[in-house]
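Input: structures, listed below.
Shared between the two complexes below is chain A, which has chain B as its partner in the first and chain C in the second.
Let's look at the complex of A and B:
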């Protein structure tokens, strides 16, 4: 009977130890360095530098701005494309959807080189907006996929019901299709917004001097021993922003799911309750 | 009514065509210019295979490509092994399951630059404070990439565990196999599909990684990402175009083969 007592949870043990060393502990180190002065003593100086020196806090705001613009443009492009791909005429051809994610498999620095070559050829110089084009180019599939998935998996009987009840194309879209695709939109926004926040290679390559972001600054700060504290403080602030965005995203998803199930409870469509 | 349909279809095709052009024009341009020996894309040159020949003469680029593949393969193999064992463990955990899942998702959610800083500070702590024989370089990058990709393997293996017969493990033990042997010979074969997709995700993430790699390279070790990034700031060897074309073709080939295999399987199931 001794064998029966074997706790299979023990298989998670090695990874828990690895996580403690390689995931949790490094975050503790970031925190320690963020509150440590050059002399090794406890200090708030690093954070003070972030919030009093305009170059630091403006850079954070600029990064948020670039992330927001990128996310908005991705959404504006991805939604129509996903809508077309998911429409009854096109959704038989899965190859079309695949075409949009193939570039994701190619190294993104090489893709940025390709895009830069194209932009330079048509005389678009490295600039803020060239950087935005690069960001959109790289992150578009991350917006497209979740929206496409939510549209394809949508229960089509809702749309049919709307049409049976006399709803036109536009009305059906805004009152049925769009609200049902909101979870896809939210996860798309998170999947674009979160990484745009820490990536700096794209803006560095295509933005020239106009589009430096917080990630690049942190990378540079760790090139020199004296500025590790500031770098850690900036990393810590980034971590806090990530947590805030994730929690907000979760709350919105939960709220929209609840609204959806409430709506479904109130209206039985096609004899099915979702 | 019919005219409306035609307009709808035309607009649909137009949207798709524009979006696809945006995605593919840069890549097509690079493929075309990999056969033209101009220094810059768009410059004057003649058709030649010179860039391909030069590619294999560029020692540092070749080393970077080799490093990328070594780091990618070793780290994703390790990640698949660790991730699968952990997924099994977490699945069977009686207490602390939520906490374990939360911890394993930290790196997925966290800003990559923060993870990169964490690894950077950790390797210095290990070598300077604890005096352990670790240092930045190829080995450390493999460690970083492994820890970075394990959560994705857990994510792709876990759904398969839910479909498992709950008594499978006990069955293996009743037939006299030890826990390790049961895990490897009874449980693993059931999870192969999840393990393969986990490996694929880990491998592509590793190949594509820049932020963590950039901060944790040392001893002159470069990957394709960091090599191309660094040389874009100075002067870029045009044979990078040949490398891009080769990678693009390999990606296409792998996807076509995977699609064909998938279709064959689907047909078999239908029969």
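Let's look at the complex of A and C:
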């Protein structure tokens, strides 16, 4: 056997360089700006301003609320759909699963304006709930896919074993299928909650004045008012909240991972900022 | 199936037959996996469904469990038709091939799963209005469940393992949990789908003995599926040999081994020499140009037969011993632990011989066979028959291809005919394009001096043929039939059914 000339780790270098430039460096910048006063000296002023302004609390709560409602609705819609799609009757027809993915191929802004026109046609004005509809529409595939994957990869013999041991359809679902799909549900929740928490474009377009979120405020602080220090401090707080949620999610996954479902390996965690 | 019908009448009153399968057929996407099977299983027996992979044995088991519904036919459990009853309502439990232990539950909860769902007879309740005693159902209490689970764990030798995570167990231990989970519900029938397939040899041997003990102690009926003939011979009270969705033979291990019904069974059950011979007269058979005494009679004079001689039944002697006329040369010898396995070439057939005494390679030997060691079987088939249509001036359709034939009787285009092709008139070509139609080699048996080969054609009908060449299973081949090899006769449609069904006629003898 020939001895390997170089370490396989070398293939990770390009990504490491990219992430250093585009992930770690910007984060450091955010941190630096957050603790830097107008005079360029170290200060806690920015944080003090954020915490003393009651509208910020309201905004953060509202954002969490929107993210939670969106995630919950996505879960309620996606689970039954994933369950039907993963059943042996349908899973031969990939086309059905594709139908849920195809909207993702279209430009996101275009999709939102199209949705706005549709909603206006049926007399739904830009509002909090219109924003929720937009969020659900946009993030549903991120909930659907992990749940679908965990269901479709589940060994069918578990269901058969349950039926063999006297379990009817309902009992089999609640005692076997559902518990074994929990890792997929958690991935789905994380993949919807994270980005909805930091997104502001949808609420901007569809929410009117009712649904301004923390992401929008950060945008204003950076773009219009040029108060980068304040914006950075707020971003940093947002980041901490997201990390807390992520860690909590991972802990729950690990606990239910004792169930070592084959579909468990896709607890992808990530956020998209729009 | 005559034997079963008689037994059915005798045992009907005593509920002797716990399972009865009546003319069950299962078709998946136009492929017939189980073909008109009938079978009955005696209460308390250890019955093994034995056959190569894809023969339909697992499908049959799944139909008994209720996971599949027969396309045709019905399944009875204790005289009750259960064909349409879903699996969770059948008093039957299964040990799955890969165990299917629930990964999110520990050993205790896996075994208790069925008990927690079960409903048992409770205290009869008095109806308030009429005062009648009404039967009620209740769930098992926690204590009852604990008692049952602990007893099941004890039976499979896993006491104290209740709180263990199923993923932390070894293959053998998981296997035991799977068995415990199935027997804790005290099913009437326990189905086992190749349960030992994933275990190593030593573990497998241990589990075989243990399963046999569990069967003896519980007294419930076991239906066991395997492709391992040795496993089947060791464990079963009765073996059902299945091939191509058809039952080949049903019998005790000894009967199946000593008196295989046909070449397939002989070949599948253990090492054997299968060769072609001719019945000269009652008790006299000729093979390898020599005449031997045998114990079979009732064949036509000079009828061609298949015969089986087990390797351990052949006695070898030094050349010149005068014990036998049949001579051969040892061409290989391998020590197999307790005895030597030698290949002896007689010029007509290469015999496999097992003997404790070794004869060196290249030495000349004579060998004798006791009359009762020669087992004679009717030849299953010698001719392929198709009901088909003349497609041209001198061509006829067979399995989707147009074959030329000698049209001296002047059959007209479109006429329905019966076409017969003897096994030895068909030629196979390496290149599919050289043949009129293509096909895949299904099975091949060495019959002494020639191979009998089954070819699956693309339109799902099979060709049987005799050839001198050895072909590998699944090889893609072309099929050629010389015009003089095709016998075409006028076909008169008598029966509605025959219009649609075109079959390879079985000149079957001893097959069930």
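In this section, the second predicted complex is superposed on the first by the 233 of 274 C-alpha atoms of A that agree within 3 Å, B and C clash if a C-alpha of one lies under 4 Å from a C-alpha of the other, contacts with A are read in each partner's own complex, and residues count from 1 in each chain.
Basically, contacts are C-beta pairs under 8 Å (C-beta built on N, C-alpha and C of every residue); 3 or more make two chains touch, one makes a residue touch a chain.
Because the structure is predicted, anything quoted here is derived from the model rather than measured.
Enquirer: First (chain B), second (chain C), both or neither: which does A:14 touch?
Expert: first
Enquirer: If you stack the two complexes on chain A, which partner ends up touching A:111: first (chain B), second (chain C), both, or neither?
Expert: first
Enquirer: Using the touch definition from the top, say if A:128 reaches chain B (first), chain C (second), both or neither.
Expert: Neither: A:128 stays clear of chain B and chain C.
Enquirer: With both structures placed on chain A, which of the two partners, chain B or chain C, ends up touching more residues of chain A?
Expert: B
Enquirer: Contact-wise, after the overlay, does A:165 reach chain B, chain C, both or neither (first, second, both, neither)?
Expert: After superposition on chain A, A:165 lies in contact with chain C alone.
Enquirer: Of the partners chain B and chain C, which touch A:81 in the superposed model: first, second, both, neither?
Expert: Once the two structures are laid over each other on A, A:81 reaches chain B alone.
Enquirer: Under the touch definition given earlier, write down the residues of chain A that touch chain B in their complex.
Expert: On the chain A side, the touching residues are 3-4, 6-16, 18-19, 21-27, 29-30, 33, 77, 80-81, 84-85, 87, 89-90, 96, 98-100, 102-103, 105-111, 113-118, 120-121, 137, 140, 194-195, 197-201, 204-205, 214-215, 218-219, 222, 228, 231-232, 235, 238-239, 241-242, 246.
Enquirer: In the complex, go through chain B and note every residue touching chain A.
Expert: Checking each residue of chain B against chain A gives 9, 12, 15-16, 19-20, 22-27, 29-30, 33, 40-42, 82-83, 85-86, 88-90, 92-95, 100, 103-104, 106-107, 109-122, 125, 143, 147, 150, 169-170, 173-174, 179, 183, 204, 207-208, 210-211, 214-215, 224-225, 228-229, 232, 236, 240, 243-244, 247-248, 251-252, 254-255, 259.
Enquirer: Enumerate the contact residues on chain A facing chain C in the complex.
Expert: 155, 157-158, 160-168, 171, 175-176, 179-180, 256, 258-261
Enquirer: Residues of chain C touching chain A in their complex?
Expert: So the residues of chain C touching chain A come out as 65-67, 86-88, 92-94, 96-98, 100-104, 113-114, 117-118, 165, 167, 181-182, 185.
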